[in-house]
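Should a chain be cited, it is by its letter among A, B and C, assigned in written order, with residues numbered from 1 in that chain.
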Amino acid sequence: MPEVEPERVHEDQRLVFEGMDISGGWNRMFEQRVIWQHDISALDRVTGIPGAESLGYCYQCGKCTPACPVDHVGDYSPRKVFRRTQVGADLLTSPDLWLCTTCGNCLRVCPKEVNMLQIMPAVRERAVAAGQVPAELQKAFENTFQYGNPMGEPARKRADWVAEAGAPVTILSRGPRPVDVLFFVECYWSYHPRGRDAARAFARTMATLGIDWGILGAEEKCSCDSQRAAGERGLFEMVAEQNIATLGRYQFQRLVTPDPHAYNSFRNEYPRLGGAYDVSHYTQFLAPLMAQLPWQRELPYRVTFHDPCYLGRHNGEYDAPREMIRQIPGLEFVEMFRCKENGYCCGGGGGGMWLDSFTGQHTQQRLSERRVREAVETGAEMLVVCCPYEVSRFEDAVKSTGNQGKLLVRDIIELVDEALH
Amino acid sequence: MAGVLVYVESDGERVAPISFELLAAARELAQSLGGDVEALVAAADTGPLVGELGAADTILEVTSPALAGYLPEAQQLVLVEAIRARKPAVVLVGYTSAGLDLAAGAATATGLPVVAYCTGLRAEGSDVVADSQLYGGKLVATTTTSTPAVFSVVAGSFAEANGHAGGRGERIVTAPPAGLAQLRSRVLGTTGAGGGAVDITKAERVVSVGRGIGGADNIELAEELATAMGAELGASRPVVDSGWLPKERQVGKSGMTVKPKLYLAVGISGAPEHLEGMHDAGLVIAINTDGDAPIFKVADYGTTCDLFDLLPAITALLKPAG
Amino acid sequence: MHIAVILKQVPDLVEEVEVDSQGTDIDRDSVKWKLNEFDDHALEQAVLLKESSGAEVTAVALAADGVDQLLYAAVARGVDRAIRVTTASARTDAPAAAAALAGVLADMGVDLVLTGVQAVDDLHGQLAPILATRLGWPHVSVVSRVSLEGTEAEVTQEYSGGRMATLEVDLPAVLGVQAAPRPPRYVPISRLRQVMASAELGSAAAAAAAPALGSTVTRLAAPPQGQGAQMLEGRPEAVAEQIVALLRERGLVEA
C-alpha cells in the first residue's frame, strides 16, 4: 500500500510466545499517515499552470460528482480528476483532459471554487502546445484557422442560406449601411442544414417584426469560444481580433447572436481584446417583442426545453427562452427533472462538439443521448432548444436511442416561424 | 526531328498498361506529325518486353545490369540519351511514379518544353495542343506547344486496346549510356503488392472514403456500411496520408486500381489521381456536400447529402431486420 | 547536414477557383491560397529528420503575397530558419522556380532538398526533377519515407498497385515527397503568432532568369459537363432509400 511509508512501520521487535513467533508491530499504533510524502509532482505540474491553480483546492467532498453530466455516462468529475492527478496520473496525456464539456455545473456546487472553466482551457493549452490533440479536434482547429469555421466549409458559402430565407437579409459586406441590429449568425446556423432552417426562420421573424438588421456575410468568422475552451487560446485570440476588426467597420446599435457560445465570448471574452458590444442572445432580444407578433395559428405540441449551458449557468439567462415558449400560442410546456441551474449538458461545449468519437470511447453513451432519454421521459413530443449545436446533436441522439417518431427537436425560432405562417 | 518516342514502363517482366495507352496516343500523333512511333525500353533484360511492343515501328532496346530494378537516375540517363540520339518531335511519358520522376527531368536535361497532366493530345501543324487537368480536376488547361516537347499523360486518356499492334516492330539495340557506370543512387529492395491481408483490387463492391470523412474516428461509419453491403473499404490518398486507413486500401495513382461492380465514393472530391484508380468501376455513386466536386462528373449517381446522416441511413436499410 | 525544404502556396480548392477575364489563368486576386499539401508533408519529413538526426533545416519559398505566412508557419513547426527568394519574374511555375532556386540552394551549401512531389498547378512539370536536373543531383519522386545514413539518404518510393522500393541516394539530392511517415503536426496559433512577432525571415535574390516555357496556355476552363451524375435529392433517409433501391435493382446487394 503506497499510503503507508514503510520505514515508519517498525516491525523488527522479536517476540516468541508459547513457541510461536509473533514478531512485529502487533501491539502498537501506526503512526499517522504522512500523505505529503507522496510524489505529488503530477498535481504540482497541473496547478503550476496559470489558470489551473484551483484544481489543488479540491478537498474531495464529492459534491461535484453527482452534478457532473459526464459522470452520469462514465467515470468523471473534478473530484476524480483531482484524485487521479494527486496520485500521479498525468492529466496532460490522459483522456480525462478532453472529457469535460465546461458545462459549469460542478463550479455551481463546489465549496472550494475548483473552476474547471479555467482549469480545462489552461491545461489543454499546454497539451495543444505539445501537439497532443485528439485528431478530430485538431481538424476543427485547422479548419477554423483556414476557413473561419470548424467544419472546413468555404468562407464564401457562409451566407448561402440567405438565398432561400424567403425574407430580405442585408449582407453588410456587399452593401455597408448602418443597421439597428447586427446579427452574428455563427457557424452552425450558417452551414449546418438544420441550422440554416433556423436561420431562415429567424430572418422571416425579423421581417415580420420590421427590424432593421444585417449580417456580416462571408466576412464573419467563428467566435471561437469553444476553440478557446478546448485549449486553442491563440486561435481564439487571432480570430477574435479579426472579428473585432470586421465589426469595427460597420455601424450597428446592438449585436444579437443565436449561439450561446458566441454570446458568452462577446460578453465575457471579447471586451478584454477591445471588442465591447451591447450583445444579446436572440431569445433575450426577441422575448420582449413576442407580444407584437401576429400569430396565425396555435401549435398543439407538448414541449420540453433544454437549457444551453453557456446561456444558463454561464450567463444566468433562464427566463428569455421560457418566455418565448410561453408566448407561442398553443404549446403545452413541461420542465425536465434537470433544468435551469441544474440543467444537463448536451455534450457539445468546451470542444465536445468536435470530440464525439473520442468521448464515445470513454463513455457509455453520449450526453446528448442521455438528455434525449430524459426528454422522452417527460412525455413531451418535442424537445425545444436555442443553441445551434443542439438541433444536430439531439436529432442524432433521437435516432441513436431509437426514439424516432417519439421526439422531435426544434429550435424555438422554428416554432415561432411555424406559428406565424 | 520527327516521330513520337514513347517511354515504356515495366516491372522487368510485363509492360505496364499505361505504355500501351501511350503507344496508341503516339500512333495518332505520328499520323499528323509524320515519322515513326518509337518505343524506348530500358531494362536488365528487354527480352520478355519486346514482344509486347508490336504497336511501335522501332523498339529502342537498352540493356544493362545497371537497369535492373527501376531507378529514376538510371532511367532518366537512358531517356535523355535516346531523346538526343533520336530527336523525336514528341516524347510521351505516363503520369505515373516513373512519369513524375522522368518527364520533367528529361525535358530539363534536353532543353525541351514539358506539359504535365495531359488527358488529350492532338497535332496542329507542327505544334501539339494538349488538354491538362489542373486544380484537382476542377479546371482544364489547353496548351499549344511547339515541338519537340515532352508530355506526361494521365492514365485512362487513350484506348489501351489500340496500343498493342500496328507498328513495324523493328528492334534497335542501343549501347547503354556511359553514365550508368557512375550512378549516385541504388535500388536496395522492392516490396510487391498484397503484403497486407486486404486486396481491394478484386473486390466486387468498394466503399471508398475521402477527406470528407473528417477524421479517423469517423471511418467506423463507412466500415459499418461496407460490412452491411459486403464491400471492401477503400480510401483516397489524403485519408491514407493522414494515417486514417492503411496504404493497402488506397485507390488511385499511387495506390490500387480497382474495377468493382459498385464504387461508392464517400466524401471524395475526385482528383484526377483518384479517378485514375477507379475509372473502370461499374456503377459509381458519389456522396459529397460540394455539388461542384469533380467526382460527380464520373459518377452515375450523386448526392450532396451530409455523409454523417446518409451513411447510417443506408446501413440501417441494408441490415437485416431485427 | 543541411536540409532545405521548398514550400509553395497553391489555390485552396475548398474555396472557389475562378478563371480570369482572359480565360487563360486563374483569377489570382480572388484565390485563397494555402500551403501545397505535399509540401506540408515534405516539411513534416524535414522536421522529423531534424529531430532524428540533428540536421539543420531551412525552409525556402519564392517571395509572393502570403508566402511570409507559410514561412512563419514553417518556423513554428520547427525549421531553423526560413528564406524568401526574390525573383525578377512574377512566374511561379516549376521551371521558373527551379531556375531561381538552383543558384540559391547551391550557394547555401545544402545536402538535401525536400519538396512536395507535385502541386495542383504543375502544368509545366514538377519542381523536384527539374531542380535536381539543373543542379546535376540525383532525384527521387513519390517518396514516402526518408532516413539519413552518413552521406546517403535511404528513401521509400511508391508505385501504383501498392508496390514500393527502397532506394539509396548519394547526397546532395532532391526528393519529391508524397507523404511523411506521420501526418503533419499541429502548430498552436499562439506559437505561430509568437514566431510572427519575433522571427526574422531571411531573404535571397535569385540571379537566374526564368527560362522560356515553349508552351502557351490558350484556354483555362471548367471541364465539359458531359454526362454528369444524376443527382439524388431529398432528406438523407429518402436519398438512402433511393440508393438502396438502385443497388437492389442491379443485384449489387441482396434484395
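Just so we're on the same page, contacts are C-beta pairs under 8 Å (C-beta built on N, C-alpha and C of every residue); 3 or more make two chains touch, one makes a residue touch a chain.
Please read all numbers here as calculations on a predicted model, not as lab measurements.
With centres taken as mean CA coordinates, the chain nearest to the overall protein centre is C.
Seen from the Cα centre of chain B, the chain whose own Cα centre is farthest off is A.
Rounded to whole angstrom units, the spacing between the C-alpha centres of chain A and chain B is 48. Inter-chain spacing, taken between the CA centroids of chain B and chain C, is 19 Å. Rounded to whole angstrom, the centroid-to-centroid distance between chain A and chain C, based on C-alpha atoms, equals 38 Å.
Taken residue by residue, chain A touches two or more other chains at no position, since every residue touches fewer. For chain B, residues that reach two or more other chains under the stated contact definition are 242, 306. In chain C, the residues that touch at least two other chains are 14. Chain A makes touch with chain B in their complex at residues 135-136, 139, 193, 356-358, 360, 399. Interface of chain C with chain A (complex): residues 12, 14-16, 32, 34, 185-186, 188-193. Remark: chain C residues 11, 13-14, 17, 19, 26, 37, 41, 94-95, 98, 117-118, 120-126, 129-130, 132-134, 137-142, 154, 157-170, 173, 176, 178-179, 182-183, 213-223, 225-226, 228-233, 235-237, 239-241, 243-244, 246-247, 250, 252-253 touch chain B in the complex. On the side of chain B, the complex with chain C involves touching residues 11, 69-73, 76, 96-98, 100-105, 107-109, 112-117, 129, 132-146, 149, 152, 183-195, 201, 205, 229-230, 237-238, 240-243, 247-248, 250, 253-257, 261-262, 269, 271, 277, 283-286, 290-291, 294-306, 309-310, 313-314, 316-318. If you check the complex, the residues on chain A that touch chain C are 125, 128-129, 131, 133, 138, 141-142, 145-147, 152-156, 232-235, 237-238.
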